[in-house]
Amino acid sequence: MTDFQRADGRDLDQLRSVRITRNFTTNPAGSVLVEFGNTRVMCTASVEQGVPRFKKDSGEGWLTAEYAMLPSATHDRMPRESMKGKVKGRTHEISRLIGRSLRAAVDLSALGENTIQLDCDVLQADGGTRTASITGAYVALADAIAVLKEQGVVPGEPLLQPIAAVSVGMVEGNVCLDLPYEEDSRAEVDLNVVMQESGNFVEVQGTGENGLFGRDELNAMLDVAQKGCVELIAAQRAALGI
Amino acid sequence: MTDFQRADGRDLDQLRSVRITRNFTTNPAGSVLVEFGNTRVMCTASVEQGVPRFKKDSGEGWLTAEYAMLPSATHDRMPRESMKGKVKGRTHEISRLIGRSLRAAVDLSALGENTIQLDCDVLQADGGTRTASITGAYVALADAIAVLKEQGVVPGEPLLQPIAAVSVGMVEGNVCLDLPYEEDSRAEVDLNVVMQESGNFVEVQGTGENGLFGRDELNAMLDVAQKGCVELIAAQRAALGI
Amino acid sequence: MTDFQRADGRDLDQLRSVRITRNFTTNPAGSVLVEFGNTRVMCTASVEQGVPRFKKDSGEGWLTAEYAMLPSATHDRMPRESMKGKVKGRTHEISRLIGRSLRAAVDLSALGENTIQLDCDVLQADGGTRTASITGAYVALADAIAVLKEQGVVPGEPLLQPIAAVSVGMVEGNVCLDLPYEEDSRAEVDLNVVMQESGNFVEVQGTGENGLFGRDELNAMLDVAQKGCVELIAAQRAALGI
Amino acid sequence: MTDFQRADGRDLDQLRSVRITRNFTTNPAGSVLVEFGNTRVMCTASVEQGVPRFKKDSGEGWLTAEYAMLPSATHDRMPRESMKGKVKGRTHEISRLIGRSLRAAVDLSALGENTIQLDCDVLQADGGTRTASITGAYVALADAIAVLKEQGVVPGEPLLQPIAAVSVGMVEGNVCLDLPYEEDSRAEVDLNVVMQESGNFVEVQGTGENGLFGRDELNAMLDVAQKGCVELIAAQRAALGI
Amino acid sequence: MTDFQRADGRDLDQLRSVRITRNFTTNPAGSVLVEFGNTRVMCTASVEQGVPRFKKDSGEGWLTAEYAMLPSATHDRMPRESMKGKVKGRTHEISRLIGRSLRAAVDLSALGENTIQLDCDVLQADGGTRTASITGAYVALADAIAVLKEQGVVPGEPLLQPIAAVSVGMVEGNVCLDLPYEEDSRAEVDLNVVMQESGNFVEVQGTGENGLFGRDELNAMLDVAQKGCVELIAAQRAALGI
Amino acid sequence: MTDFQRADGRDLDQLRSVRITRNFTTNPAGSVLVEFGNTRVMCTASVEQGVPRFKKDSGEGWLTAEYAMLPSATHDRMPRESMKGKVKGRTHEISRLIGRSLRAAVDLSALGENTIQLDCDVLQADGGTRTASITGAYVALADAIAVLKEQGVVPGEPLLQPIAAVSVGMVEGNVCLDLPYEEDSRAEVDLNVVMQESGNFVEVQGTGENGLFGRDELNAMLDVAQKGCVELIAAQRAALGI
């Protein structure tokens, strides 16, 4: 293991270069371009008064998310889901993960009966699109909530502590942080972690893609994931100036 | 916490009554009815010679899975997905989980260019349908592989060690094993674990549905999950006589 | 014709072994497993207050039905309709037949503005799935109406006389009752009859699959169908204890 | 019953005025406008060399049919099925009936590996659209087969004896032939019969829409249906000059 | 260019024979069969009280249009869009063109909160189906508005001046009016013009299918299109007797 | 008219600020961000060896295009077409326009049997998204063809002269170039022009959205459109350095 070198020269527990650009577009209440190395995702937060039927008269708001890849985001172009008339299972799965994760960052009671719709559209994919999406979406969410507060339509302070997400994997037996596509595609184990600054988890998803993993390996991966999330939250705070 | 009582009187780390009935129907190569308490899932494994295009001429086989709920499986009837023309994200997500998990229980090279299609159809839902599905599907898979071997169409021994799955949750701060719907719907944290007999993980999915969770809580839940999976694998072995 | 032997040794006008199991599952108001030989169908009746828009303020209730095959019900697995995004014409046709037939067994005025949804899901298919569905659905309907009556939400006595359904076919020139798949697939003529105990018909559908049929043959088939339906209604009465 | 008068003054066992116009359009091999009173259906038969996969190398041809209503065919405009993205069960059911019925009028072996596609598009609906479709489709089929024979691509004589279809209903207890919409909508019983000139049946479908029916009533309806079909076959023969 | 002869012997700036048949069917408020040579389109206008949500309480009415080809309208049968579950882009595009064009012929304020639905169903296609549709739809619209006026449900005079549409193309360098399929398929440039009697345009769509076109050519095509539209409007006036 | 002022202070015949950024993303062969003022579209050109079935063995290549709006591109978020399972008619119409237009900029014979797929995804919409798409797509196309030439897989020089597109509209009676959303939504007439440097047209689409337009107005709009396209082609040439 001493000889293992990452293709991009990073340390095993080092994030790719992270950039968070607010106000990337002007129409949505929050609009962020998030970059984890070559992965680039446009995360927007749109706000709407009112809530879906199942939340009506609950006094609470709602937050939902949709994730998608532009067809030319990947190395080989993928068919456009709207034209196929079918949304892939992977797309649904990630949309649901983003929605669940960001609901942990918002107090729905304090939001009042307003709805926040997150859209995470991958412009360029190089691994870690779901973790970049979650990380960027928090910043878009913060901006959207600021808009709602300015409009005076939220009864409380809906924004909770920052959450961020990162991937960790076992590659040739090494615990590597923030995998690009090249590493992700050959990793033995893949772990995605969504975490609050406190170190508490929102979501932990570990998958033995090409091999099982023991408790020790899980612990080693969680340690590195926690380190990564702390750094990402620092980047979120820097971007938001909070 | 000392006062916490489970509605069905079980110990915190006790499984519901588990029943595995082989040869539940006769047409598929493997057909199993698995019951975790009131949750009942029909798990079948159908075999077909040949593989999907992306595996052609690879010398390897393929395994895929589909999960679905009968419309009347739940307390309130749910619309039939075929009639709505839309498969829910949850359904896709669970189908993908089952497929990934069971591929960890089969050696695709030893399977040769044959395809195994798992179908997990929930007849009655009371929490833990995905974990029951995975646990039952292993037994159906074993029966299907036995059929393929009798037919002499597999080049090796494709069946790997048993895997089983179980849910664990934090309910009012207590780590509870194998949640029925009533507990699942109010759990703070929900963890699904897919494990091999060795204690190694195939998949770990923890979600803070109504609250975050720390490393200590994760560890406590994993301990209980491992206990549960070991017992489920014993039930699989008993059913298969291996 | 004197030499004709049915593969399963039955007399020409003999039903397969019929089993009707009530309370097969617990969530729907009525839940029945019906078996005609190896054909097994789960028939459920779910109840809901209110009616579809076209019945609103009519003072009448409504009953509708959906039929489906589990993908592994047949000898060769069939693609799942929800995943294909298309419901087959055959499925629609049988769903409509079941709905029409069972509406003849319920007094919609006496039901009040309540809706009964029947679901007939074929677990194992060996011919006669539509006739088994209708026969089992009557029992599930009876149980569901009993639930509604206990709830005190129906203004009258909605349940009418039992109806049952059976198939008859011409196989090598012989009139055979209750065809299994093996006979059905090579029958010259196929007749499905839905009948009340009185001998009156709800539905008669005769098809010359591989040949035409004359009035004499139709009459011979109807005679045998009436005999079969009378026996099936006896089984329904026995199951319901009425 | 002596006082019963049909709204259009017809005798109980009298057909509406029937018109069969060949060569209604010029692109398909067969194109017929069939009119049963105010019901008008454009029936076309298109021919194509080759057969669907399940018939490949069978030496036999294939015939299939699609039925549809133009959205403005009915008194109140109906939504266009293509725009809704859903084909109604009724449409599927009638398409299947037409296909089955017309396959009884063609010798698939003598057709060779050619496919005939029937399209029955209802321009104006006034009851009996399915029976008019079948009756007109036979004439379009005959013309299409003549084209194939001229092209020299059929090995034998694929066209069998004429078949025609008609509806009969019980209206206020009277057996009425060939129901227009006004009668059809209030009939107690509805019977559709597809028949060959010989009097043998291709298909018999009787439905107790608003009441059951006994053997006597069925027999009375079949007598009238047979009379109607014989007259329709005479009209087909006249149109075709055979 | 002096030697160029049109296959059907027409002058370059001559329309095909135009026929407009009112009351082609009886159910819709307006029903017109329009024929441009061998192109035949059934244009209907259905009326409904009320408007879509986005027009509610606007005091204005709405008009929308759907265009479709019957599957056997073309030389080679085309798959039915309802059965494919997908409407082709070309169909959408023409539906939108017809709707936009005919909205220029109706005063939505004077219509009041009523909706007119146009359906243009091509029975036989030989080029120019969209221009025939628009031309015929105006006549159906006029008849439908007359019905609404008789019913006393429109507050004003919604029908504006006639509009008609025609195609022009460059074929082997010649400006040809009203192209049949044979010319259309090999035209270098294709121009569709929707025009009012005044000579003012509702829509001008020119496409260099197989070559670009300059201002001079555009002007030459517009001159001929204007001549054609004037003649078509005369035919509309003759049909309507206005 | 002398008092008319554009909201953004531009002259009537002045383009918005145009920016063309090549290599906006790295995976597709050509990737361009084009900006017309606040309208921003990501235009990519992906290349693939081989052609669709209808071009097989023609020796020619193919080019096709898809246009889409990100859901948050507009002021009010629009539902995602993939999630609705329906592509809007407007989307189809613009995709087809882009494909037709760009095929006029490529010599399909010189391309050989290769396919170029253009994707125009609108990140931010402020009017003129289709014209910006076409203008940007030419640059992406040029880059993609350069890649194909480097790969040595094209038999000739497929890239033809630049084409560009621009919108012109009549706003309060004034001919305005390159309309932003605010002007577009209240324009009386809307004209989109696709043009080659020579001044020859690929496509001319004029629509009287809120009023008709005469020959003089059309000519005035075409003059301004030609001026705008010449300037856009200069921007394309500057971006490409040709």
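Letters A, B, C, D, E and F name the chains as they come in the text, with residue numbers starting at 1 for each one.
Throughout what follows, contacts are C-beta pairs under 8 Å (C-beta built on N, C-alpha and C of every residue); 3 or more make two chains touch, one makes a residue touch a chain.
Heads up on the chains, UniProt names are A, B, C, D, E, F = Ribonuclease PH.
Given the structure is predicted, the values throughout are model-derived calculations rather than measurements.
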_Moving step by step between touching chains, how few steps can get you from chain A to chain C?_
2
_Counting hops between chains that touch, how far apart are chain B and chain C?_
1
*Since chain A and chain B are copies that touch, is their contact same (over half of the numbers shared) or different (under half)?*
same
*Among the chains, which one keeps its Cα centre farthest from the Cα centre of chain C?*
F
*Quick one: how far do you have to rotate chain D to sit on chain E, C-alpha fit, nearest 5 degrees?*
180
_So the centre of each chain is just the mean of its C-alpha atoms; given that, what is the distance between chain C and chain F in Å?_
59
*Can you check how far apart chain A and chain F are, centre to centre, with Cα atoms defining each centre and the answer in Å?*
33
*Whole-Å distance, chain C centre to chain E centre, using C-alpha means?*
51
*How far is the middle of chain E from the middle of chain F, if each middle is the mean of its Cα atoms, in Å?*
27
_Where chain B touches two or more other chains at once, by residue number_ = 85
_Counting contacts the way the document defines them, list the chains around the ring, chain A then chain F and the rest._
A, F, E, D, C, B
*Along chain D, where are the residues that touch chain C in the complex?*
88-90, 92-93, 95-96, 100, 104, 196, 198-209, 212-215, 218, 222
*asked:* Under the definition above, what is the set of chain D residues touching chain E in their complex?
replied: 25-28, 31, 38, 40, 42, 44, 46, 48, 66, 68, 70-75, 77, 80-83, 85, 87, 91, 117, 119, 121, 123-125
